[in-house]
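You will see two complexes here that share chain A, one where it goes with chain B and one where it goes with chain C.
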Partner chain A sequence: MKPRFYWILKALLSHYWRHPWQTLFLSVGLVAGVGLWSAVQIINQHAEASYREAQSLLGAQASYWIRSRRDEGIEQALYIDLRRAGFRQLFPLVELEVSTPSGVSIRIIATDLLALPDDAYSDSDSPGDFSDTWVKFVQPPYRAWVPRVLADELGLKQGEQLRLRDGRLLPPALIQAREQQGRQVLIDIGAAMALSGSDRFSYLAVGPISPRDYQQLAATLPDHLELVENQQHIDLQELTESLHSHLTAMSLLSFAVGLFIVFNAVRFSLWYRRATLLDLRLMGCATHQLFSAILLETLVWSLLGTALGFALGILLAHALLPGLGASLQSLYSATVEAELGLSSMTLLQAWGITLLGLVWALGWPLYRQLQQSSLESGSSARQQQDEAIARRRLALAALVLALIAVLAYGRISSVTQGFMVLGLMLFAAAWMLPLLLAAGLRLAAWLVPRERLTMRWMVSDGWSQMPAFRSAMMALLLALTANLGVGTLVDSFRNAFVGWLEVRQSADIYLRAPRLDIQQLKASPSTASWLVDSHHRIGITTRWRGRPTLVRGIEPDAPDSLALPLSRWQGDTPAAALQAWREQAGKVLVNEQVHFLAGIEPGDRVSLETDNGLQEYEVAGVFYDYGNPYFQFYLPDRVVASNWQHHYSRGIALWLNHDNSAAMQQAEAVLKELGAQPGDWISQAQVRKLSVGIFDRTFAITAAMNALTMIVAAIALLASLLAILQERLPQFAQWRALGLRQGEQLLLVATPLLIFCAIAWLLSIPLGALLSWVLIYKLNIISFGWSMPLLWEFMPALQLAGVVIVICGLTLLLVSFQWRRKMPQALAQLGETV
Partner chain B sequence: MKRLLALVGCLLLSPALAAQDVLGDLRDQGLGFAQVTPGKSLQFPRDHAPHPDYRIEWWYLTANLADRQGRHWGLQWTLFRQALSPPQADLDGWQSSQMWMAHAALTTPDGHFHEQRFARGGIGQAGVTDIERVGYFNAWMDDWQWRSSGAALLPAELRFTVGDREISLQLEASGELVANGIDGYSQKSAQGQASYYYSQPHIRVRAAIGQGPDQISLDGQGWLDREWSSQALAPNQQGWDWFSLHLDDGHKLMVYQLRHDDGEHWLSGNWIEPSGNTRLLDRNAIELKSTRSREIETGDGRSRVLPLEWQLGLAEPRRRWRIRPLYDQQWMDTTIPYWEGVVLVEDETGARAGIGYMELTGYD
Partner chain C sequence: MLSIKQLSKSYQYADVRQNVLQGLDFEMDAESSIALLGESGSGKSTLLHLIAGLDRPDSGEIRFDGRRVDSEPESALAEMRREQLSLVFQQFHLISTLTITDNIRFQAALCQRFDPQYEGELIERLGLGDQLDKYPYQLSRGQQQRVAIARAMLHKPRLVLADEPTGNLDEASSLEVMGLFSDLVKRAGSGLLMVTHSQAMAAFMDRRVNLHNGRLAEIE
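For the complex of A and B:
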């Protein structure tokens, strides 16, 4: 004899067998929610794990860097001298930035694998075991180790040579990667030197080193080199924190949308199981046994949802990681491992959040149902009354949430707080929605002329459909709002960014050749026909208020310096502020990051550590500096040159004579003549293409999340419609028997649906605008430290309306198929059930 | 001969290396490289310098030392060169096909320690100079360095480290260089495999280990082997057992056997008299057999059974010795692992007859 508990559980769970569609929707909602959340979580944790590994390079620990103070690289002879002095902790690195003909930027890292410290190799991974692979790596024609993800992206096959923009070829590809290689291509240092034509290393890395050896190394280094601690893991965590918070917030939103589907499915299951629960209690089942059964049901769903959701999450993470990895690399120089690492902690967290969501969306409503008086009837009138009460309560709760959001808004000081306020705002709107839907129905009923009876009936049937649609509409509202809000953010940013690029990158050629003498270039008679203007920028990297900081020396009279776009300035006009900066000593321009993240206003004084001690400068203006994670100070080049002995060239910008159609060819010929290598310069169009490419890739993940959220909302809608069909099939059959045509019947469902969707869409417009406003004017500034004007366009909203109509049409089509299939049986059963 | 081991060591840099058959490369025909042929006389100091046209080469020093209490110590320092491909004149710098590896080991009364290093050729990180060109001998990798004071191999100073122990050796010749095989042409099989091979078995060594008040001073005798080749192992050879012995009566003895699949091992050696006269020992003149095998822990999480005790006899002069290790645990847990360490030599009565080094490879 099986225990009573078994029968209770079986009776409760049998619902899922009898209604497979609803079971499917519950699973889909759960899996989609958990999947989207865990995808982002997996990516975030993977990225964070990679940042922690920034202490290592290609599998070897790198505690310090040896860099040239003048950015001139490091001579090979010096490296050999240091090795021969016993500093075997050092290994050389060359980094190159190249791009493909289609404009994809690729970072190349090169080292001497034989020189890596012993800790770089595990037992199974020593140089001896590389065998053939290893030998080919160090010998001409060499091999380029390309991570699989990057190879797939570039369409590169084993053994193929990648052609670069300037026609150079990379060594034959070998699809494999070392630790911490990320999306970079690894080649031998010999190959890199052949490729770049330079005989210098970019820098040296210092492996594990004792304090005594460190002292000796520091004392041995010549003056033009500096030994700096590798703080990348700390810097990266700090710099990318906001980006990851954004992703987490979006994933939580997706999770919430998924939960709405669950909620919807549960509402349906409650409806159906009300009788079962009642019967069970009348048969004398103890409340605690029913309660345990419900708990077990919740647990089973949570395990199922987590397992499938996490699997989906892994798939999604795999799809999203390459784009994000590329962005992190281009924006923050962060090396994110190309192969995804998974942690059991993420899985546990996924289960935790699923269980929590399910207790709220499934367990709690079931328990409430159980608590209700066992003899209470479920009459339709009573339900309608309950619904109205529930709507008002929800609206009241929404008002409370909105009030909290308004009160908290002024106090937002961190990204997390900002997202919490956004969450409150969105949920307030979602909970207000049922009341608005009811109001909408009333308005529609009032608008329909009295004599249009069928029409009135169709509208008023909305009252019966509302409970089924409520959660789905909330999900739709959230999805629409998020799409509009985030879409506006991205469009505004793109608009601001592209406009800014046009002003900032006005030169025709950008040249980065440390050994090329700009004076020689300007003085050369061969430049007269094509060169109109030039700008040689110099700079140093330092730390200011604990953050990586760039101090740039720019030529005050260069065309781009004269047109520097300012967001804030001292004095009356930006032009006056720029003039003051040019002409008066002791003035500095700072980027918006300094203004927003360090709270510096025009007129404030900032202190910078220089070779001549601490120097104070007055802030003349704040310039836009989109996408820069670092603090940046602009000083006239002569000030930087006199205050920082070890400043280095940050590149030369050249303006060409546009009247001379052959200017570009002439320029390239002269540059080659003066010793610049192909790849040392890049044209304005290419710079812009690269910049915008990085921008688009950064926001690709946002677009993907938006689309996925919309899909989840569409599923919610379909689930609701099918639930209505299930619940009211006997009723529809009855009407059918009374002579209602199928088209009219479909219209009966479609009319309230369209009314509801229209209300959700209408509400999403102001809500989306509000969301983007908070994102742009509050969160973006707190997160990244730059501002931009909000660009509101009505077109995306109209497009979303189109999307909603398509979703409605598709779901109605699906429903009508179901209808046709089930109607005969429902008609046959007429009289048996009511 | 010395050090087929070195061949194996260098194999780790070789194209044909396969995990199952680490000696495969030694059996490679060495196409494109210079070949070892008989009848070519060695020339000094020129032949102390590298022979980049040959595939493999080494400078291999062992030293048997004693401290003030008379306790046994041992040192090994080896520099290996391997060409990954036949050298081309235009490939230098990072493109050089020359690769270097170095091993150092220290046998103390308390235990055995070792270190392994690698470096690329062509960039100055490791190499050996040509005495004729620079006026002194210099062999180095990073801060490990053998540098002579004049235009000869010896006298010289050798400085290196094993872990955090700094070691400095003063080396002086107490006899002449010795050509092994026939005038330095050392045959390794009946199929024609061979190497050029000479030794300096007469080296007086003064060593200082560590620095400051804890510095330990040692005295003793060293043995340098120089060998280069392009192909040294026959397809049916599995590994080798090699001995270099300093006998108390002033004789030096080098003996090796290349183990064949069929048990018909290739044996060879050199009997060096105090006067400097040498006698080439062939297979019929040497009687070598292992008398006891023992299992030792070999550091890679496993243990191996090794023939650690031997009986060695010569037909002429009619002598016989027992050879046993100072202690068993002298395993080199390097990329290609092997046993190499200090051995004690006793005569048939069990009395001490000498000291030396033994190398056992290919025991997997």
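For the complex of A and C:
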């Protein structure tokens, strides 16, 4: 480094040593922004890697599956026959969903290790040497390979047997970090069959197979089995893409809020160094040299911010991953590995985005600073004038952004486009804010009576504070809007979801026991005292317009069929549409996903592939189907039974006699008597608890991000207040010398601050409502294919106002401590003589 | 050394254009010292900024050692300020985050003409020996002005431009600092063009000129 450049750099960087608070805030802004962004980035990339990994795990790496058309599982004898016939690519799988006494849902996957094709293992997993571990795995009492993250969650220790809700025990636990396993428990197929009490496999997986063998296999299979292509990984990517896009958008929003702190800090650091920059220019430093020095400084900050932010991102990702992983598994059966894998690309991206953010934050203020040509350019009048010009320019830019957002709104066709429009909208509001703050000050000045001189002074001092608060208020506005908008989305969803569960899950018990059918149950003489109603459900899984689809056959007179909540219907009323569906042949009900993603309206005709050829049905209504990633068609059970011979039972719903307090116990006793196993049924309360649990876990990450974003905004406020203190301390000292008390001085800062915060809060209310409206009625529909009623409540906004007041109070308290510490020195420097 | 011909400069204030300098002519020899007097707002500081290349004139020419200051690119003007000039202001313009030692050495380090022996001499003459590890805010204004003078003189510039260098000091201190300053300028073989309101300070200079109505007039 040339000595000249060294001295320029030394002069510029010495600022950070002398002003540690600014150094801290710049670091915090960068680290918080990068940390939040990279946490989600790490999670998303990790999830994608997991989906790829999942393809090499057991059944998921199969090219095809053999499964029962009636969901009855596959007989062992058939599997042995097929292996003997030369189909060595086949291996059996058993999948079980069990739960612990505390309600934690666990997915068990089991296979015959010896039957796995060679390429189903990674090197480290290979049983080729058949070590002691593998021998124990396949021989009684077997072993349950439990991923470490799940063991930690359950408090399970090495060798312990996990007790399930129905009292059964899993084999002794072998806890190890097997990345491919995600949260699944892996056991031997013999242990799984003993556990389930069934002698059938869930399905057979087919490893790599030649077209000739495929054709032979298809021809060999009996009618009740089907050979289907494994499209799990494609579906996983499709199904989870929207969720990951939402997370990315939220992380970008957090990054933007962090960037406002950076912008603030950078602006202050330049502002405080304007004298230094001027001195350097007076002493002959060329603009390009100063520019290069600040560029180098930016580079150093970006590296520092990336390194620390990325480290924070890893910590956050570790904290958020278990909840998100559990949700992905519950919602989409997508397995996300427990151990984080980090890619250098993510790190590079983090650095790139940090550098871009810093350049964005630094570019304009630096240009302005270096353009100042005369020594008077920093005068107060000039600053006020510049500030007014900047406000007008920002407002103009905001109008342009808003116009682009409005024009682009109608053309949104993807989640990414949707978030870009939302971004434009939010930035338009943020850039409009300074003009509104100025208008607010004018209004406040107009409202204060002329004789209240002190109050008028406090309001008018806002003009001096506005430049320092501008960026912080923008950050606060974004944070408040995000909190209100996303909070409203989640509250609306929760409210709709719980209400929907009330109607849709109105039966008291849901029974899925292959050995038990509804006729047996109805024939049982001991049901009279506790059973009010019972209805069976049948169905088939298929693909319609390239998407996984369920065709369900439900009894039209079942209580939940009669009360099915419709969002759109044919005819005058939902009840009339449901009646038409029950009574007229050729009517179908479709879920919102079919309406929004495939563009089907009530009255349209849809064609479904049946055993009797292509059948057309007229859509009688569209029903709400929250959170379901699949298309669903509801037909009367008789229609499904007659058109799809290979339909399978999807269980029986039982409505109990609520006048009989012992109905539940009696029902369970009868079910056991009839041969159902514990775990074959689940009560309504358990279904709701599980569903709401999944819901809350899914949105826990949202709440965490909202809280972090508010913290970042609070830091921006504190940074601004401290900057004001530092900048105006001599002025405050003069006022103190004139007799102003500390409380009055604090009020002088607090009054404009509260006015600004109130304006930001007021603006965030319609903006938050707009954000939630776009999220629910545009992005949710594009992403997931369903909508819900928007539930707007004023209470969250009031709570946020409370949070803002607390933040203001705390920051003012911190500032008053600083004041108390620094004021004596500032007073001592007043009227200093030589 | 310095030659100014037909120099004009005006500023726009709201709707009014104010002519500050109007066809000003001025000559200054090497190693001479000149006091620039005039009423407040007469354009003294503007003239100094134009000579230093910190601002551009509307018309006319400024030559410093033969080079056209009024039309040189910014980078050349920066080099000129670094190598040939020094500026001393009433407000000191010290870098608040650097120590006194670093402040004194700064410009000499920039133009790579740092002479440790001369530095020691300056520090001793200006009485700054006990202040070297302190920061500017820990010094009195008189001491800060001495630091600014040390910084301005350490690289022995061709011309020193000073704008009310003692304006912040009391009379006794002003006279003491000015005596030291003019002596240092003479010993370094530099020229000095100093804006001042004070006849007492002007008395230290070889020549005195008055700026009035945008033009300069020699004071006998």
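Convention: the second predicted complex is superposed on the first by the 801 of 834 C-alpha atoms of A that agree within 3 Å, B and C clash if a C-alpha of one lies under 4 Å from a C-alpha of the other, contacts with A are read in each partner's own complex, and residues count from 1 in each chain.
FYI, a contact is a pair of C-beta atoms (placed from the backbone, for glycine too) under 8 Å apart; a residue touches a chain by one contact, two chains touch by 3 or more.
These numbers come from a predicted model, not from an experiment.
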Looking at A:P3 after the superposition, I want to know if it touches chain B, chain C, both of them or none. Which is it: first, second, both, neither?
second
Could you tell me if A:A11 is touching chain B, chain C, both of them or neither one (first, second, both, neither)?
second
Just to be sure I read the superposition right, which of the two partners does A:G86 touch: chain B = first, chain C = second, or both, or neither?
first
Thinking of the overlay built on chain A, is A:R281 touched by chain B (first), by chain C (second), by both, or by neither?
second
One more residue to check, A:Q665. First (chain B), second (chain C), both or neither?
neither
Report for A:Q139: first if it touches chain B alone, second if chain C alone, otherwise both or neither.
first
Touching chain B and also chain C: which chain A residues?
none
Hey, which residues of chain A end up touching chain B in the complex?
76-77, 80, 83-86, 88, 112, 114-115, 123, 126-129, 131-132, 134-136, 138-140, 188-190, 193-194
Would you mind writing out the residues of chain A in touch with chain C in their complex?
3-4, 7-8, 10-11, 14-15, 17-19, 275-276, 278-279, 281-289, 373-375, 832-834
Residue positions on chain B within touch of chain A in the complex are 11-19, 84-85, 91, 93-95, 97, 99, 117-120, 123-125, 140, 142-143, 300, 335-336
Contact footprint of chain A on chain C as seen in their complex:
45, 49, 52, 54-55, 74-75, 78-83, 85, 87, 89, 93-98, 102, 106-107, 109-112, 135, 140-142, 169-170, 173
